[in-house]
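In this document, chain identifiers A, B, C, D, E and F correspond to the written order of the chains, with residue numbering beginning at 1 in each.
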Amino acid sequence: MKKLEIVIQPEKLEDLKAILDDNEVNGLMISNIMGYGNQKGHKKVYRGAEYNVNLLPKVKVETVVEESIAETLITKIVAEIQTGTYGDGKIFVHEVEDAVRIRTGERGSDAL
Amino acid sequence: MDLAGLIESGMDVAEASGLLMNVMWTMIGAILVYFMQAGFAMCEAGFTRAKNTGNILMKNMMDFVLGSLLFFVLGFAIMHGKDANGIIGTTGFFNPTNLADADGLFNGLPVGVFIIFHTVFCATAATIVSGSMAERTKFAAYLAYSAAISVVIYPVSGHWIWGGGWLSSLGFHDFAGSTAVHMVGGICALVGATILGPRIGKYGKDGKPRAIPGHNLPIAALGVFILWFCWFGFNCGSTTAATTSLGDIAMTTNLAAAAATLAAMAVTWIRYGKPDVSMTFNGSLAGLVAITAGCDVVSNWSAIIIGLVAGILVVFSVEFFDKVVKVDDPVGAISVHGVCGAVGTLLTGVFAMDGTGITFLHQLIGVASVMAYVAIMALIVFTIIDKTIGLRVSEQEEREGLDVHEHGSSAYADFNFRL
Amino acid sequence: MDLAGLIESGMDVAEASGLLMNVMWTMIGAILVYFMQAGFAMCEAGFTRAKNTGNILMKNMMDFVLGSLLFFVLGFAIMHGKDANGIIGTTGFFNPTNLADADGLFNGLPVGVFIIFHTVFCATAATIVSGSMAERTKFAAYLAYSAAISVVIYPVSGHWIWGGGWLSSLGFHDFAGSTAVHMVGGICALVGATILGPRIGKYGKDGKPRAIPGHNLPIAALGVFILWFCWFGFNCGSTTAATTSLGDIAMTTNLAAAAATLAAMAVTWIRYGKPDVSMTFNGSLAGLVAITAGCDVVSNWSAIIIGLVAGILVVFSVEFFDKVVKVDDPVGAISVHGVCGAVGTLLTGVFAMDGTGITFLHQLIGVASVMAYVAIMALIVFTIIDKTIGLRVSEQEEREGLDVHEHGSSAYADFNFRL
Amino acid sequence: MDLAGLIESGMDVAEASGLLMNVMWTMIGAILVYFMQAGFAMCEAGFTRAKNTGNILMKNMMDFVLGSLLFFVLGFAIMHGKDANGIIGTTGFFNPTNLADADGLFNGLPVGVFIIFHTVFCATAATIVSGSMAERTKFAAYLAYSAAISVVIYPVSGHWIWGGGWLSSLGFHDFAGSTAVHMVGGICALVGATILGPRIGKYGKDGKPRAIPGHNLPIAALGVFILWFCWFGFNCGSTTAATTSLGDIAMTTNLAAAAATLAAMAVTWIRYGKPDVSMTFNGSLAGLVAITAGCDVVSNWSAIIIGLVAGILVVFSVEFFDKVVKVDDPVGAISVHGVCGAVGTLLTGVFAMDGTGITFLHQLIGVASVMAYVAIMALIVFTIIDKTIGLRVSEQEEREGLDVHEHGSSAYADFNFRL
Amino acid sequence: MKKLEIVIQPEKLEDLKAILDDNEVNGLMISNIMGYGNQKGHKKVYRGAEYNVNLLPKVKVETVVEESIAETLITKIVAEIQTGTYGDGKIFVHEVEDAVRIRTGERGSDAL
Amino acid sequence: MKKLEIVIQPEKLEDLKAILDDNEVNGLMISNIMGYGNQKGHKKVYRGAEYNVNLLPKVKVETVVEESIAETLITKIVAEIQTGTYGDGKIFVHEVEDAVRIRTGERGSDAL
């Protein structure tokens, strides 16, 4: 099993969900994070004092999938989420040892 | 001058007392109507998204600011200056206090009292529009529109109705401004929102409207409570005099608002399966807008009926504009102020008590002519702004929020937003 | 009719001026008391959890709505209609304006003024209860209760005290409603919260109360400030006349509230080691409630003492209901309105200035009889509702929040909740 | 006593009517000025960080509470008691109602009316300071300061200006308190914030100020709207009489505020590239503060100029204190109340209409002497508090938030904070 | 060392903490996430426009524990958190290479 | 590639960012979490009812870096973030299989 950890622009969440849905991904964990990467932030002024806002709001979507479909998903995500501008985001791939469905106690692939 | 002073200067007790009581009551009305700005600001901020909150607050503040200054410099003269052909006022530019008579009075009130009272009404009309154009309008463009409504739109129709123009001669009755204030604002809102187009994501690829829920219901609800509170100043204050009828006006106002709230809640409960919070609070405003024209001439039971009509209507009207006309009106201003303002004015013609001489026909003429005038003027104004400054922010700005891009700030610096 | 009109119609200047001044002052009172709705709504929303905010706002809005309509149709007649045996009013159903005399007056005021004034008082009593039943009551059940208090509970005891009933004949003194409004609301709150049972998670397995902190202190604090502001209308307005004593009433009101706030803060500081924000703000309300019965007949120093008593009492009372009686009252309404309302009325018997003829015994009879009546009626009403509609939402609904389940919405759509 | 009562007791109609109208108007003023507490509380809470919100709300509540009690017991006597050498009042301690004449009047008003009116003004001065000392002051120390301003600072300079002291004899004109209330508060704010030092993180290692944005703009904006609303009570109410000039005062007040808002927005737009929300709302307050001294004696156009000056000035003043003087004033109270209060009072000497006899020199003497007195007293008071109780919380408390450490609570229990 | 990544209903957090406490788990990281799985969401109506809320609030609890107790924990969690209805949640098991206690600089098991 | 999962006191975020910046770390994911560890919480009283707040706000910073610099980073973080008091935080080290830059489709180290 692999976990894909996908960081994207918040407004791309619907599109990403559509891709995952199409590929029968069964579960997601979505978090709001602040991201920091190549994308430049804004310079803000508050009451005369300047400050840099280089942390930008991003959405992190984590999904645990069968090894077999991970590569397909990555390809599709890159193809469809890409806009070509800084801040498009990243995917990190992790090995997952096991999964457990609390409702039934199922383990491994059955639990996805 | 206080009472002793007035009497010394030659007035008799009754006259002087009457004048000062009218001054006090009109001032109370004006002060309460001012506070509607807070109500609108909270309402509009609460019913839109957190990323645009600073922007909507600024718009609400700035339309009062521009309205106050421009109505003083130009608007009041157009609205209340010496009438020319029933169409427009022509005197009092740059310093309307000059319009006062030798005793310092204008229309029976000290001129300052009269001007401040009409200033806050003008600003109310202006502020209605910001809600329907929320979350996508360029700030500079909005300021330009706001200046225009305070100078060329509101004062002209206002002159017709309240400034001695042709509609007041005709016998058109709009006691506190269902048409003069609310419908004027509502029509501008309709034209503005139409030209602007819907917010990104408002309509799916299938053309179906998607819900974009407001981000802060407590402040939106507070806004509605503030507006209801101030509406007692709006309606009862429109006597511009201490009278024995103040309680009657308060009763019709309150009953209509209550009935409309109940109706809106019931309709949403039936149609959507659950009583909708935001629509119910819209219902209150719908009732208040609708009763405003006739609050002084209808009975309590008629007020309840007017309220019920408004409360039912507002739900269907919101759906109609959302689903059929596909005009994106984030806070429902078109339905609340435009539709219910017009309908309330018309219903005044139906329910006015005997002896008032108010007829449906005259009400219809008034509503139709003001509607036409405002629609045309708003079309011209918004088109000019669109071609020059540009009405709409860029797609990126809209997606990321107007607060960051237009003002370089966040309204909730210590919180993360969802999604 | 304005002053000139009244004089023309035959009144002398003094009479006419007096009437219009009383009208203005009573209207100001009524308008301010209306705005208490906003205060209660913000207070209750702020002191409960974010997942139930839309629901509590709706309840606050709807009890004013139902109260306004039903008090007009039925309640006013029961409260102020022709007295039958000192127990109940019997005339004026469906259109209480018919109760006016030939000059349009009722109790010396234009009837509309009198009705709107009493409408907003009735709605205040109704709205007190929503706080103590917050976060677990079915919306439909709440509406049913709210209708009942506005029709069968409040107007009856109100008739006894203010409508010419037996308590007013007896010499019971409740100037602005410590008992008539607040204690009535507080007793209903107690009965309602008891029948309903505590919120899930309020009591641990060991029976110890757990804290469920309010989610938005700024709006809760705003609510308290609004209530204090409006209380000047509540107490000073209860003269229903322009008098030279308005300042004195404002002084006692303000000093009692200040003293109570200070006392509550001090007690929490001593008992809990730190000055508690939410309890201190509750203390302000406790003082306001307590002084309401006697604000016109006690000295400034007596007002301070009454305030101190209320401020100390409210802290212990909240703890008592929380830890000993184990009634879960999320906002402390039972202690603030019920306990301090009763105690304030009794203390009026202790501190009333010489010559007022107010006695502790009469105060005690009044408090006890109203308490008994309201408790019995509330018990009947809530039991009937519980057996028919059902008072409480399902466990799942309560856990996940009333906003989602009862209204299909979230009060803070752009924010994530903690936990 | 109502009108009939007064006439019966021997007053003539005119006198009695005049008295009661003045009572009503002064009461309205007092009630509105009370509500400024809500405005300040929301403003200060909104413009600071979420982790300190409960604390700032408590401070705002407690300075009104202490002010109310102490001004009654001691402050009123010092301010309005029998004058000694033009410096200080000396009678009326512990029960200022004793100062009333045989008819119960004091300065032409029923004594209770007069005291409540001055109580709310005193509390306004006190509450200004909490904003500039926000987010780092020990709660107990703040209470001590608050007691001091209500007893030894405000009433003394207040006596000079409004209590029959030397400045009122001199011809110094401060109609509603640009100096007496706002500058006094602003100077205390400056001294307090200076002694306290900046918040951790406010200045980088390079000495450059860093932005610490406010956490809740909607409530901050609401605060400003409330303050503007109440300012009509503050300025128009300061006639303490029903007069024909109320509208004129409202007009100058409103135009100055509008002009200042516009100016502040324009300056920030030009200087920072974007119209700054928080500064624009500060601009409104700057204009209101500045016009307060002369709102009764300047023309509408002069009011606009005064507003423009204040609106421009406030931006530069905030930057000056932030970047040059390096005094950390989280909400800009020093600039808004101190600087604009002083400048507004001086400009009254420039723009006062002919025949008022107001001179720049007298205004300058008034401003300078009050400034000196207050600065010295504040220095003494804050130094004593610092050496005894200690002004500042520990570093850990400041980092983790005053709510947790000083009050054991969180203002937003259901939300996570960012960072 | 293993990391257990446990997604549950928010109201189960106290129960989960009790289980972990009983087993002498020394540290947790708790985040609010939006979850998407077999559990159906609500249909909401806002001002007449329908929308699906299929993202539901969940709590994610992460804890890094000795390999030896991971299995015990999983068993207990399944046993005690299970209600048998959709949305009960999942546990994902990951290998952790190392842990560092910043306060002391300790590494590995000592740092837990 | 390694992922460092760093839990710290919120006020240390700026310092941590400075360290990472100095070492040319190119990206971060920052989340607000509630932490539970050796550090004791506060006892609060709300309206007379006591309760323990043993969950404390923490910041979690995740960064995926080349294996080669992971150890250097850990050393620096421990050295500079340490205050020696409970609650200083922890670093967990995880193996990452792959990284993808959505903007370009780059994989592996190139994607960092």
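Following the convention adopted for this analysis, contacts are C-beta pairs under 8 Å (C-beta built on N, C-alpha and C of every residue); 3 or more make two chains touch, one makes a residue touch a chain.
In this text, all values refer to a predicted model and were calculated from it rather than measured experimentally.
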Inset, instruction - Could you run down the chains that neighbour chain A and chain E together? - result: B, F
Inset, instruction - Starting at chain B, figure out the least number of steps needed to reach chain F through touching chains. - result: 2
Inset, instruction - Could you report, rounded to a multiple of 5°, the rotation needed to superpose chain A's C-alpha atoms on chain F? - result: 120
Inset, instruction - With chain centres taken as the means of their Cα atoms, state the distance from chain A to chain C in Å. - result: 52
Legend entry - Inter-chain centre distance, chain C versus chain D - centres from mean C-alpha coordinates, in Å: 32
Inset, instruction - Two or more other chains in contact with one residue: find those residues in chain F. - result: 31-32, 34, 44-46, 94-95
Inset, instruction - Any chance you could list the residues of chain D touching two or more other chains? - result: 13, 17, 21, 24, 28, 213, 216, 219, 222, 272-274, 276, 278, 408-409, 415-419
Inset, instruction - Using the contact rule from the top, write out all pairs of chains that touch. - result: A-B, A-D, A-E, A-F, B-C, B-D, B-E, C-D, C-E, C-F, D-F, E-F
Inset, instruction - Using the touch definition up top, name the residues of chain D that touch chain C in the complex. - result: 1-7, 13, 16-17, 19-21, 23-24, 26-28, 30-31, 34-35, 37-38, 41-42, 45-46, 53-55, 57-58, 60-62, 64-66, 68-69, 72, 95, 97, 104, 109-117, 119, 139, 216, 219, 222, 403, 406-416
Inset, instruction - Write out the stretch or stretches of chain D touching chain B in their complex. - result: 13-15, 17-18, 21-22, 24-25, 28, 32, 49-51, 213-219, 221-222, 224-226, 228-229, 232-233, 236, 239, 241-251, 254-255, 257-259, 261-262, 265, 272-278, 280-281, 284, 300-301, 304, 415-419
Legend entry - Residue ranges of chain A touching chain D (in the complex, touch as defined): 34, 44-51
Legend entry - Of chain C, residues touching chain F in the complex: 208-213, 268, 271-274, 276, 278-279, 282, 315, 318-319, 322-323, 332, 418
Legend entry - chain D - residues contacting chain F, complex: 399, 404, 408-409, 416-419
